[in-house]
Amino acid sequence: MPLDERYALDEFLITTMARQFSGEVMVSSVTAFGALAALLAKARYAPDLAVLATPESGMEVTPMPTLSLGQFLTDAQRGIPLTMEEIFDAIFTDHFRIWINPAQIDRHGNTNISVIGDWHQPKVAMVGSRGIPEDTSHLSQIFYYVLTHSRRTVVEQVDFRSGAGTGPDRDATLGAHGAPSVLVTDLGVFDFTGPGGTMAVRSLHPGVTLEEVQEKSGFEIHAPGSIPVTDPPTEEDVQIIRDADPLEVRKLELLSGPEAAERFVSIYERERQALHAAWPRLGKLG
Amino acid sequence: MPLDERYALDEFLITTMARQFSGEVMVSSVTAFGALAALLAKARYAPDLAVLATPESGMEVTPMPTLSLGQFLTDAQRGIPLTMEEIFDAIFTDHFRIWINPAQIDRHGNTNISVIGDWHQPKVAMVGSRGIPEDTSHLSQIFYYVLTHSRRTVVEQVDFRSGAGTGPDRDATLGAHGAPSVLVTDLGVFDFTGPGGTMAVRSLHPGVTLEEVQEKSGFEIHAPGSIPVTDPPTEEDVQIIRDADPLEVRKLELLSGPEAAERFVSIYERERQALHAAWPRLGKLG
Amino acid sequence: MTVDQVVADIPSGSTVAIGGSSLSRKPMALIRALARSSVKDLRLIVDVGGPDVDLLIGTGSVSEVIYAFVGFEVLGLAPHFRRARQQQALRFEEWTEYTVMAGLDATIKRVPFLPTHAGLATDVLSVNTSFRRFQDPFHGEELVAVPALKPDVALIHVNYADAKGNGVILGDGHVDVLCAKAARRTYMSCERIISSDELQRYGRDVQILRVHTTGVVELPWGAHPTGCAPDYRADLRHLQDYLKHSANEDAWREYADQYIYTDPSRYLERQGGVEALLARLKV
Amino acid sequence: MTVDQVVADIPSGSTVAIGGSSLSRKPMALIRALARSSVKDLRLIVDVGGPDVDLLIGTGSVSEVIYAFVGFEVLGLAPHFRRARQQQALRFEEWTEYTVMAGLDATIKRVPFLPTHAGLATDVLSVNTSFRRFQDPFHGEELVAVPALKPDVALIHVNYADAKGNGVILGDGHVDVLCAKAARRTYMSCERIISSDELQRYGRDVQILRVHTTGVVELPWGAHPTGCAPDYRADLRHLQDYLKHSANEDAWREYADQYIYTDPSRYLERQGGVEALLARLKV
């Protein structure tokens, strides 16, 4: 999408993600994008969210995008400490939301973070399915985001189903439990309301064409006759994001190679100071 | 048994109970006798016990026999607060011991606290089996005590099995899991080493004869040729019990009728003061 | 919320899980509100029940009780429970302490059952027809399948809560967390509503999370006559009075008029007022 | 206890459950002691693994890994884990976060399995042959049976512990409590051993109970290079160095000589000493 001087791509995407939240649910902050989307949503769009500092740390805190300090935020802000058991109970009772950033997502919303190639003879062994099977078999809303929409990330069929998508297998075994609901990419917003629960365009970001999307996807995405343009962030949205992420941890997710490494080191060196500036009580704890 | 001026029956029985404990296990204090047995054992016979103030309250505390203050002891002594889940995990992993006081116990060590008569048409509906099924299906040692050994309490067959005894049903379904190990009554100490896992005399209290036991039991209890006499408490045992129970809550369990009611009221009125005297920090909490 | 709003949300025939344990932290003010409403045919789920279950049976509000225990501990048996059991007046289902927890946990984990050995070789399995014996899918070991318990409503009483529905429990937690998570709607009374900032100071004593609660009511002494550690102990004198008044219908009507058919503030006055309660029960 | 006594209790072929989560509170000093011993053919169980699993694979101590995740979070993939997976050098079994917890919990509850919907409609069920699909005994609903995971040994690192084996965890608890309860023997390292009286001040942060532990070792910075909230954050610079040295065998031997084949106090010296660590990592 073409850049707009009022906001960067990351701010556009985070705002779009924030606007998906609703209700009184726990929100886990596992990536910088997820943390900022939760924080912005809580401030502007879904005031009842119960936001966590890390996948597991204290509830009712203001997450700060960080490389290594998630748990320390709970300490600084007090917060309500949780256990893994409580996180999973919130998942099973559908009181939990999370933005997941898969390596691959396919036509039916199946997602993969485990392996490229055959699981038994991996081309690239990634990390393992973590808690995505639990999320996708229990939550009524599952949010995915992909920062580089391409034929490598948005694929006809994932190499391995870490997360359950739509289709007969889900219908037979999970029934009403869970289903992928939204995918936000750098090109648009998608859902799974196409024929047979397949991916469909909900809106495209300003300046993005359907042709570009189809060209960058591993399959033909269902599109309605008239496609809305994704609403851009407001000035207030952008300001909230910038204030909440002075170290610009969010930028790391969009970078790679030496530029990312350099930025990474600089953020890591500065994050303690930023934390102490945001939560002065913390410095006194030691 | 004939009274001895050096100790009362309750002190004799509590000491006998205390001497059954061993190892590093949690001990729940659900009755005054159980609490005092745990406390005495910890002081003299099984120093590694982790003693609880109530069935569920803090670990590593000094239980005080009480009518209503169990939970407050955790507060007063700090202690390590536990949850019901932790109690049951300790039961399932066999790190838990408890003295249970059933309404009936039978030849095979089955026990009943639920109902006299048929469960569906109760003569006396008591309280329900509580956690006794869990204890008896998981603990490798299960301790019972009965303060009035009689044909009403030590019976041929319980009216309802709240707790699993020995025998084919246990062998078929529980295998190596759990089994009743000891019964202490006002007449003697019994175990379940008789033919087919039936009740057997381990020792008789001073002055008690086998004839008396058989007469007061609903069935013939297996007895070895030579029957030991139960060891009496030492002076130190008795002193520890008396110091730990200045209100003499333990005496209540042996009383009934108006005498019990009167003693009950007096203990209830005085127990806060006793608690504050034992744990002066508590008075400052309010 | 007010107690009346809570009761208005509980229709006749509801399945109600109750927190606390025998004489400890029972949500008695909510129970009394339920008892004086026109609600009938309640199906109660308790792990360790006491005056909560007994009072609701006494006012004819109950059609079924699922329980591991109902009693008055040191004071003896629960009179209305005992009478109803002996007269076979209601439906009763005897569970055990862990199986009630497992039944609630099954609902939380969204599975139809959880397996256990508890109950094997006892008569609980013979009289409780909700349980089922089955063989585990790996080795054919015989186990008990504990079915999911699905409360419509949970009622709990805690020490402190914030207005959003996070609750602090300072004494024993009993099964309150399980009740709150398993029920479709959870109503929580508390000794005092505090600010969310103040609440966060209690750390891991914040045991009830607002995503699992529907409404909060401030009801000081809301557990009376049961205790609420560390704020007050159980009022055994009042409970002795309760037992005396449970001996016959006239006496029970007198008790009900005095203590049930009245609002929470008048209830406290009839205990002699807050000062007298403090003098008698504060630890 | 000392680290060497702990390692002496762990024979080759043991099944070892490891606490912590990726870059948080991994018992790294115990892991390094295990890595430099002659112990082989370990069967590791981790929920969320990181440098713990990767290092033990790097030193050839492992024959099988049961895991929901192994990675270095913001730093990327786990190099030895990735290589071993791609070369099919060891046996791997992919589980999921909750099923690892459920497998440990099944052992704690002494049942052969626990049921869940997790894994249905995913490929985890196809590649993980330990799971079994079955139908629930009540309604025939299709479920996954998660088999009990039975660790011989659990290794965890906590903030404080008393000499008796009660442990305080101040940051996230991860799956440490489950590991400690499920394992036949649990060894716990801690930043500092404190008196039992002092420990009791931590209330519900005392998460590890001594009845579930076998031995305690005082090992300050024992989680390094992972973090131990609120005492120190993860040492991402050291971990970057680790990753660089994992590129080839020579570099890895250099890393191992420097940081694994050395005792805990020399390890800290080689990090620049405690002062430097404090300056870099204390929050």
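All chains are identified by letter, namely A, B, C and D, in their written order; residue positions are counted from 1 within each chain.
Here is the rule we use: a contact is a pair of C-beta atoms (placed from the backbone, for glycine too) under 8 Å apart; a residue touches a chain by one contact, two chains touch by 3 or more.
What you see is a predicted model, and the numbers here were worked out from it, not measured in a lab.
Note on connectivity: the fewest chain-to-chain touch steps from subunit B to subunit D number 1. Chains touching both subunit A and subunit C: D.
For this pair, subunit C with subunit D, the centres built from the Cα atoms lie 40 Å apart.
One simple way to say how far apart two chains are is to compare their mean CA positions; for subunit B and subunit C this gives 27 Å. Once the centre of each chain is set as its mean CA position, subunit A and subunit B turn out to be 56 Å apart. With touch defined as above, residues shared between interfaces to two or more other chains in subunit A number as follows: 138, 177. Residue positions 109-110, 117, 203-204 of subunit C are each in touch with at least two other chains. All chain pairs that touch, listed by label, are A-C, A-D, B-C, B-D, C-D. Against subunit B, in their complex, subunit C makes its touches with residues 21, 23-24, 47-48, 67-71, 74, 77-78, 81-82, 85-86, 88, 94, 96-99, 101, 117-124, 126-127, 142, 170-175, 177, 227, 229-230, 233-234, 236-237, 282-283.
Across the complex, subunit B meets subunit D through its residues 24-26, 50, 59-60, 77-82, 86, 89-90, 92-93, 95, 138, 177. By the touch criterion given at the top, residues 109-117, 132, 134, 136-139, 141, 143, 145, 147, 203-205 of subunit D touch subunit C in their complex. Interface residues of subunit C, counted against subunit A in their complex, comprise 108-110, 166, 181, 196-197, 199-201, 203-204, 206, 209-212.
The touching residues of subunit B, counted against subunit C in their complex, run 54, 56-57, 67-69, 71-72, 74-75, 83-85, 88, 91, 114-115, 119-134, 136-138, 160-165, 167, 169-170, 172-174, 177, 252, 264-265, 268, 272, 275, 282, 285-286.
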